[in-house]
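In the two assemblies presented below, chain A is common to both, partnered first by chain B and then by chain C.
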Partner chain A sequence: MVVLSAARWLRSRLSERFWRVQEVLKYARHFRGRKNRCYKLAVRSVRRAFVRSTKARREKKRFLRALWITRIEAASLEHGLKYPAFISNLVKTQVELNRKVLADLAIYEPKTFKSLAALAQRRRQEGFLAALGDGKEPEGIFSRIVHHH
Partner chain B sequence: RYVRQLQRLQLLFSPTAADARGARQFVEEAAQDFARQHPDVVLYVSPHSGPGPAPVLRAEYLNGTVREELIASKTSEEIVQLATKMANQSGLDIIRIRKPFHTDNPSVQGQWHPLTNKPSILTVQGPRLQPQ
Partner chain C sequence: VAKTSLTSPPWPEVKLPDPVEEAKYHAAEVVRKVNGLISAGQYGRLFAVVHFASKQWKITNEDLIMMDNVLEAECGDRIRMEKVLLVGADDFTLIGRPLLGKDLVRVEATVIEKTESWPKVNLRFWRRHNYQRKKIIANPQTVLRINTIEIYPCLS
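Moving on, here comes the complex of A and B:
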């Protein structure tokens, strides 16, 4: 018997069924109990795992958005602002940063986030003055809107 | 400049096996054109006589990865497409990339820690002032 290499000899010894079974079992290796060893149980578990992972892709977006909102809320509370006030005033000043970027800034760039919180606070004060004052005072500086045409 | 990541392509097939017909046609017709179009890839054609393993196209990349693709019962055009596909790849593993971005310096202003927004009297240890 001429053995060209160990891999080729191994391949010829095992049956085709072994490889077909291994294809499924390789996705079940990190499961708990007999489903990571026995093919009959593993087939069902692997199929359910795949179905769950496809469905979870839609949930992941919701989950991550909720995580970012929690983080932004915590960071803005440190600077004395609540989350709805922070976001609404940021939108009114035409700062179009999404929650993902705001959460990353709050973690890695705390000074930038502090200045964003101060901007939102200032815009909030100007909004109050404009609503309550209703006099002949000029409009606030940060309440001006830039029109892009 | 662009450096092609594919180092060499080895075409291992048997000149008598039936499923290596596409590989033999590729060698007769399209191998030379392919080699001329990709001058920085070395193409090795190694026929092994007698019944052996299935015909395979082995690609070796600059970072050491070796990728083998079966070419049994494939037409010459399909082998050409496969070879160009492997020539345009890099040798990185074909797995799911977790994030499409990566930085070595994620924080410029200093990462947040629980004492960033607290008054500095909590952290600063100045020289001990003598009671006056």
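Moving on, here comes the complex of A and C:
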């Protein structure tokens, strides 16, 4: 006889449910509480964990840059320079070191960092001298300064 | 004329050394001394700052470096890194503006392994909107070992 559809008592049931559940639980094994054991709670936690890790990968770059800047600021203050002065003068002397390397040098190579700070300080003084001009009084009648002797 | 609070500027007066004299001192004393040290070989471990794979690395001998991209060189190839920004030892540092000369420094590295990173999960999820996209990323990585950093006494 011809059978067009399966009988009603014939159902297709999952035989690999265990492995599908383990795929999610393996990411939750180090969590705290029942969400490391119970699938229903683990699914939600694992999903939030993945979303948070994707967003954190973008923010890690911002966070690390702020950390490097803090470290460079602390090291340059030890040598008597503030961070904006240090970085701007270093850039003006055409030294293209980035903040990651400067922070590493400040930690592991203190003598090199001291020489970089001295370089920046010297460039700063030269910049001030170039901006101040000769130091004489300005010409012109109304801007002449009267001396009382 | 009596000195008031406005006779001299409030910032400290700084006298910079004479440029001609300083150039003479630099050429005679500093360069000769450093050249002498380099040719005598009286430096311990050298470190260098190298610009490679669009990143700056602070490296020494026998260092391992991992780049997050593909390098078109087979495993076991020797590579010379040319963009060196800084070289230092215990007593002296050579700072490049911005790069040091190729006849001054030589940094050699070997490609050790080319693998993929661990599978990172990229998940985007909006709650209550039935929106979920999952992507597994395994980006290629290359591991290099820095063999040697050499400097030659050709300062001027």
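Descriptive notes on the structure:
Keep this in mind: the second predicted complex is superposed on the first by the 118 of 149 C-alpha atoms of A that agree within 3 Å, B and C clash if a C-alpha of one lies under 4 Å from a C-alpha of the other, contacts with A are read in each partner's own complex, and residues count from 1 in each chain.
Please note the rule applied: a contact is a pair of C-beta atoms (placed from the backbone, for glycine too) under 8 Å apart; a residue touches a chain by one contact, two chains touch by 3 or more.
Please read all numbers here as calculations on a predicted model, not as lab measurements.
In the superposed model, A:L116 makes contact with chain C only, not with chain B.
Judged by the touch definition given at the top, the superposed model places A:K100 against chain C, while chain B stays out of reach. By the touch criterion defined above, A:E59 lies against neither chain B nor chain C after alignment on the C-alpha atoms of chain A.
When chain A is checked against chain B and against chain C, the one touching more of its residues turns out to be C. By the touch criterion defined above, A:E78 lies against chain B but remains apart from chain C after alignment on the C-alpha atoms of chain A. By the document's definition of touching, of the two partners only chain C reaches A:H147; chain B does not. In the superposition on chain A, contact is made by A:F50 with chain C only, not with chain B. Residues 108-109, 111-112 of chain A contact both chain B in one complex and chain C in the other. Put simply, chain B touches chain A in their complex at residues 52-53, 106-112, 116-117. Put simply, chain A touches chain C in their complex at residues 47, 50-51, 53-54, 57, 93-98, 100-101, 104-105, 108-109, 111-112, 115-116, 119, 122, 125-126, 128-129, 147-149. Those residues of chain A that touch chain B in the complex are listed here as 4, 8, 11, 75, 78-79, 106-112, 114. Residues of chain C that touch chain A in their complex: 1, 11, 14, 16, 47, 49, 56-58, 85-86, 88, 90, 93, 95-98, 120-125, 132, 134.
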